[in-house]
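What follows is a pair of complexes built around chain A, which joins chain B in one and chain C in the other.
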Partner chain A sequence: MSKQTRSYNAQKVIERMGKKLNRQIVGSLTACVHCGMCTDSCHYVLANPGDPTYAPAYKADQIRKIFKRHYDWTGRVLPWWVKAKSVHSDEDLETLKDTVFGKCTNCRRCTVNCPMGVDYATFNRMARGLLVSVGIMPEGVAVVSKDQWEIGNQMGVLKEDYLETLDWMSEELQDELKDETAVIPVDKEDADVVYSINPREAKYDPRTISDAAKIFHIAGENWTMPSEGWDMTNFGLFSGDDELGGAVARKLFDKVTELRGKKLVISECGHGYRSTRCEGQNWAGMDVDFVMESSVNTMLRYVKEGRIKVDKSRNTIPVTFHDSCNNARSCGLTEEPRELLNLVCENFTEMYPNRAENYCCTGGGGAMSMSEYTPRRLKSGKVKAEQLAATGAKIVVTSCHNCVDGLQDVIRHYKLDMKVTQLVNLVADALVIPEPVEVVAPTPAEVVAAVTAEVEKAVPVEADAGPDAGGSLAGYTILVTDDEPDFVVFASAILEDNGAKVLQAHSGEEAMEIARRETPDLMTLDLGMPGTSGSEVFEAMRNDPDLKSLPIFIITGQPELRKLIYERDVRKPEGYLDKPINEQGLLTNIRKVLNVSRT
Partner chain B sequence: MSELLHFAEHQLQEGALLFMAVVYTLRLTWLLRFKAGKERQAATGLGDTNPRKGFLYSWANVAMPWAMESTRKKLFIYVQFVIFHVGVVAAIGLSFVIPYGAHLLEIPWVVLALQIIIGAAGLVGIMRIVRRVGDVYMRAISSPDDFFSLFLLTSWFGFAFLAVPNSTANGEWILMTYFFMTAFFLMYVPFSKISHYLYYPFTRYYLGKTMGHRGVFPIRRIS
Partner chain C sequence: MPDTLQVNNSSIRLMKGDITELEIDAFVFYAQHDLKLGSGFGTAISLRGGPTIQEELDAIGSIGTTDAVITDAGKLKAKHIVHAVGPRFQEVDLETKLRTTILNCLKIADSKGAAGIAFPAMGAGFYGVPLPVCAEVSLRAISDYLCQETGLKDVTVCLLDNREYKPFTDQLTTMTASSAKA
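Coming up: the complex of A and B.
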């Protein structure tokens, strides 16, 4: 096909590939001998026996064929001989998208099992970046990337909400320690430690922030958290967008430099650690004059130096450890977490294989944000489920937020009797609390006040998201339906904290089954779920004599799907909210639907 | 010895080798034109390794089947790999021994040893063909070049096996075929997957250097 008949996007992908090639990538693209030794190293292959399209070499060839056709001589002269092939249409690119985003988590397990040293994960990331550069990517990747570009963190947490969360965690910490000085210092200059987190912590799992704060406080650390550039995660790693990677890393590095921080401590997150510690400087093209380390190293040092005391008898339940791919196969962080685990837990059992040979949690490479591939991902989790079950442990510990979500999904899907937690939680649980330590620093409340005016200008306020003044939901049963585990956990926690009994469903079919069996008082419903869509579920329920009276509250990250609901000739939903939601907005709207008055 | 056989043993081989060297030089020049990526960040890991250790480990990987799960679990395939590649070295070496050290082939055990090595490699070649054709994964990743290279080498092993005694008692056709195939092989290699050994030092060097800097190589394994 001539150049003229190639789509604009296909042409750009080919041209931009030339600019992305470096010696390592070219070596990996030319050196594969198709020996097939990598095949069984991939968890997708093991979970899909007989399907060669999951084989790492096959997936790599979908990228390699373009390289060969345009940049390698044999492919240019005799393309059919070496299976070189170009891309011509956007459909070709969509097919490539399905492979590079939907059949690989970039876990790098095939790389360390390749006799030739072919680094498939690296050029798979390159291919992702090429597709992203022409706007071809899973919707979740687009949404998260947009949030990180525009709001500065990948979960779209607003500065105001972030600071309020820190303030809230400070209050919790003060209450717990009965110590008014136990606060989270924000934007403190010349601190020895600047602590950066994953936005998931602020949005869904603030306990990890308060646990870390408790540890820093008890250790008497001179520490702070930045009000800006606090997100150490970097979706550029997953999307392959080096520009995003560089911009996010630079923002964090610049903030640490501005605060004159001596050390940047990165909370437990595999991709965050890799992005910030091992890739960020390369993407940003900058050197930094401060030290960076994982909070795992920090906590371990505190214990070893006697700055905190831990009592391992407080953690008696059998635990195992899951190595994050990014920590183990790209950053060499394998021994410190084990050393720390043995210091804070009585009963640690190793998982096999482990360290750099461990299998992916299934949620790596941004897979958690690509809901269209969820069934595929869960199927591939069979390998992980067998690994977990074989340990006999009741708790799986991991130093990665992605892995927490990925493992939770696997555990739920394969009905394992296990929980997932992180080291910071176990260290905090084992912490022996001494007398209060004095820390002088601006509190989050002070910083909130200082930035309120600025934030109010920038933050749109939802019409229904009024202040939450209470109004217990006790006695109400609410069914939360969403395919995103993070969201289900988040919404459930809010509703349960306010007294509701919460049921959870992760698909439309499951929701209908639970609704029929449990007769809840209200159901929240996501529209963009894999399988039967939310709008189909909505219509089916409205037409079902047993379910039609159940109030349905739509919560979706795809407002464009709203019309699918309102076009249907059935009673309209009782409520509607766009994601991202916040606690106040959710409670206010739920109370409104249930007609619960505020106290 | 006929003039044609003499030509096949000398000028043809020398020309093929020269051609291969020129193409390899061009190929390496092409590869080195691409800029090498650079790691700016400080080293990670426990501090017991470094880029140098990393790439040495990576290079030595070929001789450490225990180092990778893939070779540990497929030890039989690893053994095949060793036999096959030793066979290649022996069969190539034969193309130098016959014209320049024919007296060595008058020693019976040398002939026997070469025939065992090359014969075993030929058998492995047949097993590899069966695997490549019969295994659904292998078939899916194979190109015409993969099949042709394997057929070429396996049949070349066959003629090398027969050529080891360096005898023309039954005519020159065996030696002639072996030397013409060798020349073709040498000229075809730079354009085929067989040239992987040219890239091996580079891919493993860069992967090892990176993984050494990051504290991943040498891989720690607790089993």
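Coming up: the complex of A and C.
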């Protein structure tokens, strides 16, 4: 086919490929001998044994053939021999998209099993970047990338919401420790530690923030969190967009430099750790003069140096450990989490295979954002499910937020009796709080924060607030909507025990009718109900003039449906929890939403 | 490095910040053809500004590349939002389309009697317009427009960070030097 008949986008992809070829990529594109060693290393292949299109060598060939056709002499001279082939149309690019985004999580397990050293994930990422540069990508990748480009974090958490969450966590910490100085310092200059997080923590899992804050506080650390440039994740790693990778890393590095922080500590996130510590400076084209480390190393050092004391008898449930692909295969972070786990847990069982040979959680490479590929992803989770079940553990620990979501999906889909948690949660649970708490003298900024918190606490939330005023839901009416009677009874009992008036609905239609009639203060909503689905109810209520101001809290056992909610062009839900829920999680989040909705 | 340029009775000003939080007559949002606010700045506009903005856009429907429409800004501090569809992802004739888009934004804001308008780095970032191209095309288009008779007195380019800011100050320096020679 002549150049004239090639689509504009296909031509741009071919031209741009030439600019992306470096020695590492060219080496990988030319070295494959099709020996098949990679085949059984891929969890997609193991879950789809009859489908050769999942084999790493086959997937690699879809990119390799373009390289051969345009950038390798063998393909120009003997194209039929080396199977060189070009792309000509946007349909060709869509087919390539299906492979590079939908059939690989860039986990690099095939890479460590390749005798020729072919790093398929590296040029798969390159191919993703080429497609993104002409606007061809899964919708979820576009949504997340745009949020990170323009809002500064990949979940579109607005600055005021982030700061409010830190305030909220500070208050929780002060209440728990009965210590007014136990606050999260924001933008404190000259701190020894600047702590960066995954936006998932601010949006869905703030307990990881308060647990980390508790550990820093008890360790007497001189620490802070930045008001901006706080997102250590980087969707550029997943989308293949080096420009995004550089912009995100620079934002984080610039903020640490501005604050004159001595060390950047990265909370537990595999791709965040890799993209910030290992790739960020290359993408951003800059050097930094501060140290970077995973919070796993930080916590381990605190224990070893005696800055915190832990009591492992508080964590007795059998646990196993899932190595994040980015931490283990790409960054070598394998022993520190195990050492820490053995210090804070009584009953740790290894998962096999492990470390650099561990299987992907299924959510790597941005797969959690690509809902169109969810059925494939869950099918590929069969391998992970078998690995998890074989441990006999009741808790799987991982140092990666992406893996938390991926593993939770696998556990639900394959009906395993397990929960997922992170090291920060286990360390916080095992933490021995000294009495009285010995703290360094607060800085002026901390004093101001503490005084501000005191003033805010002095304002009564409710007229009849008793001693448990901070936690009481008295005076609030909450509508619990779920088609599972057991869940309705469970959630209602928790909320009623804490003072709320509870209304119950078992379908979307019933919920709308009750909401209109009773005007509750908040509604919980299941997504997977028969009849009118939760997402349809959600959109209908948001577009209903009488109901659109009602705060809605999504509680679902099908997190893959989350996207149905967040992609709708209506105001986002005020809260979100995955099932199974626990009492503490439900109450903490409901209180948070009600406070927001009433102010 | 200069951060302002005087053009006739108007000025072009560079700043760093969040464009959706500006108190100004109008700011520009780099929109999609279907005028769905979507993610990125769209997230901030819909969350901070409320649902009326999207409702107004839904009534308009969709627009083509280089077109611009204007809506109220809901609960935002700005009075209006100019929603403009610029070129994206290495599109053909990118620079010409970008210039036309910017001129259309200025025209529609002018027609609404706006005295001030703010632009983001148009098309840079997610849509892949290279920052040096964005800076040169944007500042030249704005400057050319302000040479005509206009009610616009203050045109701000609101940039996210130092990475975006530098190419714009470089371009403004070039243009300041040219105007000094002239």
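We adopt the following convention: the second predicted complex is superposed on the first by the 434 of 599 C-alpha atoms of A that agree within 3 Å, B and C clash if a C-alpha of one lies under 4 Å from a C-alpha of the other, contacts with A are read in each partner's own complex, and residues count from 1 in each chain.
Please note the rule applied: contacts are C-beta pairs under 8 Å (C-beta built on N, C-alpha and C of every residue); 3 or more make two chains touch, one makes a residue touch a chain.
Here the structure is a predicted model, which means the values were calculated and not measured.
Touch criterion not met for A:187: it reaches neither chain B nor chain C. Of the two partner chains placed by superposition, A:484 touches none, neither chain B nor chain C.
By the touch criterion defined above, A:510 lies against neither chain B nor chain C after alignment on the C-alpha atoms of chain A. By the touch criterion defined above, A:335 lies against chain B but remains apart from chain C after alignment on the C-alpha atoms of chain A. Once the two complexes are overlaid on the shared chain, A:145 sits against chain C while remaining clear of chain B. Once the two structures are superposed, chain B and chain C can be ranked by residues of chain A touched, with B on top. Listing the residues of chain B that touch chain A in their complex gives 30-32, 34-42, 44-46, 49, 58, 61-62, 68-71, 73-74, 77, 81, 131, 135-146, 191-193, 196, 199-200, 202-204, 206-208, 210-211, 214-216, 219-223. Those residues of chain C whose C-beta lies close enough to touch chain A in the complex are 18, 36-44, 46-48, 50-51, 54, 88-90, 92, 125-126, 128, 160-163. Against chain C, in their complex, chain A makes its touches with residues 8, 12, 133-135, 142-147, 149-152, 156, 158-159, 243-244, 246-247, 250-251, 254, 542, 548, 569-572.
On chain A, the positions that touch chain B within their shared complex are 21-28, 30-41, 45, 50, 52-53, 55, 57-58, 61, 73-74, 80-83, 111-119, 277-282, 285-287, 291-292, 328-336, 350, 352-357.
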